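Below, subunit A partners subunit B and then partners subunit C, in two separate complexes.
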Partner chain A sequence: MLTSNILKGVKKGFPLKINAVKIENVSVDYNPDFITRILQRIEYDALRGAVIDLGLNESLPETISETIQQDETFLKTMHKILLEYEIEEGELICPETGRKFPISKGIPNMLLQETEIS
Partner chain B sequence: MSLRTPELLTTQVTSSQFVLFRDNEVEQQPSSEDVDSLSFWYEWIANAYSNVDELQFMNYGYADFDEHIDNDSNYCSKQLYKEVLAQVSLTNQTVLEVSCGRGAGAVWCVDNYVPDSYVGADLSSGVIDVCRQRHSMKPRLSFVVADATKYLPFANESLDIVICVEATHAYGGPIAVKQFASEVARVLRPNGYFLWCDLCHIDGSDTSIDYLTANGKLIVEEKINITRNVLHALDIQSNTRTQFIERYVRPREQEYFRLFAGLPGTPMYNGMDEGRIQYWRAIFRKKTTTDMSITRVRRLSFPSIPHY
Partner chain C sequence: MFPTPDLSHFTRNDYNEIYEPDADSFLLLDALELKLNKILEQKPFIILEFGCGSGLATTFIAKHFCPTSCLFFAIDMNPYACYSTRRTFHQNNVHNKHCLNIIQCNLGDPLIDRLSSKIDLILFNPPYVPTETSDVKEVIERTYAGGKQGIEVIEKAIEQASRLLSSKGLFYMVALEENNFDTLKELGNQVGLNIEIVLKRRTCIERLFVVEFQRN
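And then the complex of A and B:
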């Protein structure tokens, strides 16, 4: 899932930039209610930025209005982006420090070194 | 499953020159620094026999006093999750489970509550790998390798619920637990819930609940001593666990598995039975800026449970 760094909130050091070396496609059942709900919790700009960075062939509008959130095509695109792309190999990069967190076999490793903790 | 105190383990290891085996038969000699760390032993157990169904849960389990039959070897472990969640629903919530182990509890939660998203985090990349292999088809469930005693990779106030089952005793002492509590408080939204259960050694040390509330940001909504229910679960599971260990576990590892399984007669079991060790569960709420001591925003209905 791409959602691990796009949950809304007050943040510093987010969103993490994503570099993908290997992306896989999976098939997930579409549930429009779920997509509508989770849209409220997504930092949309960060998600859009991630989609562009990854070079995914999906077009997302710059902003989302109330009306587009009911649009079936848009919801299906969101479903695909959020649930059907799996980043198998790559890295997450902190926008402030440039620190890279590896993604291996689909799992981000967020362990820090002792020296990195204040 | 829970672990003996480090002093007892260290004695065992140095006298028998213990050698570890993993599923792929690679031998590893633990360093003397490693064996003092409970998290090392936890990780070893977590990575062994990773494809065995009976070992997908690694907690002691919970049983009501009128339960007597252990048909499904994971039933009590699921009951423990049910107890920890109490009346808090995960439906439509963003959830983090810290020290998720092999993810069986995560799967149970996702199946039963349909949260918006559920992330399982664990210190061990090996065990997270197991999670991924077994659970990658669950769409709302994902995993991350992280050390909760240092840093949780989530934005401030971004989660509704944090769950931690039978793990904080292995975090490495009060300072680590307090740092963990700070991180939990940071990532929870105001009025978010932290659902927790674990062993508390009462021999000359504070209970974990005091360490978790030390920073003043997590408020105890409910705390219940469930020692006797956990002991009852260990009792009713002891036969199946004993047979499982004898049938599946390599002979030189059986003693350790018996300890980890808390079988009757082992130090943890005896400690709980004799009152030297207690097992508590608690619901903590993330304080809001307008909190007053008796105001509650979300009402919970509590079943009547005997307090000891």
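And then the complex of A and C:
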């Protein structure tokens, strides 16, 4: 999930919409410091939108206040969403152009054709 | 000397699809080790490798340069290299401690907007061999074909690095004598990066060196 929060589509295309065919749950060591640092660098609204779109059974607050950023339950939820949900098969869709970028074996293919780059 | 990451999971067949680590790959690892203290002082958090291939350099950094959990981005145009990088990361047991994001793309195109001025460490063993063009189709050819003077891909990488590096970020890159140090220096200057030679080595067929770029 983290990767999809960083990538952009053809020009400005962000956030990419996620169409997941197969989601895997992996297990990653929980490290609250790491999650706190990542929180500074993600687009929270885009992430929350993706969680809702995908229908993941995780509840996220509408905004992240200073206090919630130190809340253990919240950090564990973020850990799970960012690092433990892996989209194995599916696609990322550019919001501007509708261009689809396939995800295969967990790796998104963001290669553009020459003709797509202006 | 740090041990080289375990690559025993690869077979001959794998090396038909990805670049087999060679003198240039090991020179990059040796140069990184020479700069160990400088890199550790920066406490790198976000690390990017252009053209990750087997995943050797990314895994080496994850194993020896990152006492706390880090965020890695590894990119390659070749899907087989993307999968291979993940295999090497797992084979060396660094996947539980660090977060690795692998993306099949051309240099850092889809990352630049979001990661601008955020990357602490960039690694690149580029296609540096002078060839007629760097626009080649064969997967293995792409690992070395550098176009005119061997710097067509290098030039783009330097420009992207200048946008991606954090204020004290470091960019380490392998180069060939024919790439010409003064040309690389000029390319760096044009985008506000200083350059320094870290290590030089002569192999039976090539004179190689590793450079360090940093914002001036």
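The criterion applied here is as follows: the second predicted complex is superposed on the first by the 109 of 118 C-alpha atoms of A that agree within 3 Å, B and C clash if a C-alpha of one lies under 4 Å from a C-alpha of the other, contacts with A are read in each partner's own complex, and residues count from 1 in each chain.
Following the convention adopted for this analysis, contacts are C-beta pairs under 8 Å (C-beta built on N, C-alpha and C of every residue); 3 or more make two chains touch, one makes a residue touch a chain.
None of these values were measured; they are calculated from a predicted model.
In the superposition on chain A, A:F14 contacts both subunit B and subunit C.
Once the two complexes are laid over each other on the shared chain, residue contacts for A:F34 go to subunit B and to subunit C alike.
Look at A:L83: by the touch rule set out above, it reaches both subunit B and subunit C. When the two structures are aligned on the shared chain, A:M110 is found in touch with subunit B and with subunit C.
Look at A:Y44: by the touch rule set out above, it reaches neither subunit B nor subunit C.
Counting contacts as defined above, subunit A residues 3, 5, 7-9, 14, 28-29, 34, 37-38, 41, 83, 105-112 meet subunit B in one complex and subunit C in the other. Interface residues of subunit C, counted against subunit A in their complex, comprise 45-46, 68-69, 71, 73, 77, 79, 82-83, 86, 96-97, 99, 101-106, 109-111, 113-115, 118. Only residues 1, 3-5, 7-11, 14, 26, 28-29, 34, 37-38, 41, 83, 86, 101, 105-112, 117 of subunit A touch subunit B when the two sit together in their complex. Partner subunit C is touched in their complex by these residues of subunit A: 2-3, 5-9, 12, 14, 28-29, 31, 33-34, 37-38, 41, 43, 82-83, 104-112. Here subunit B touches subunit A in the complex through residues 92, 94, 116-117, 119, 123, 125, 128-129, 132, 136-137, 139-140, 142-147, 150-151, 153-159, 189, going by the rule given at the top.
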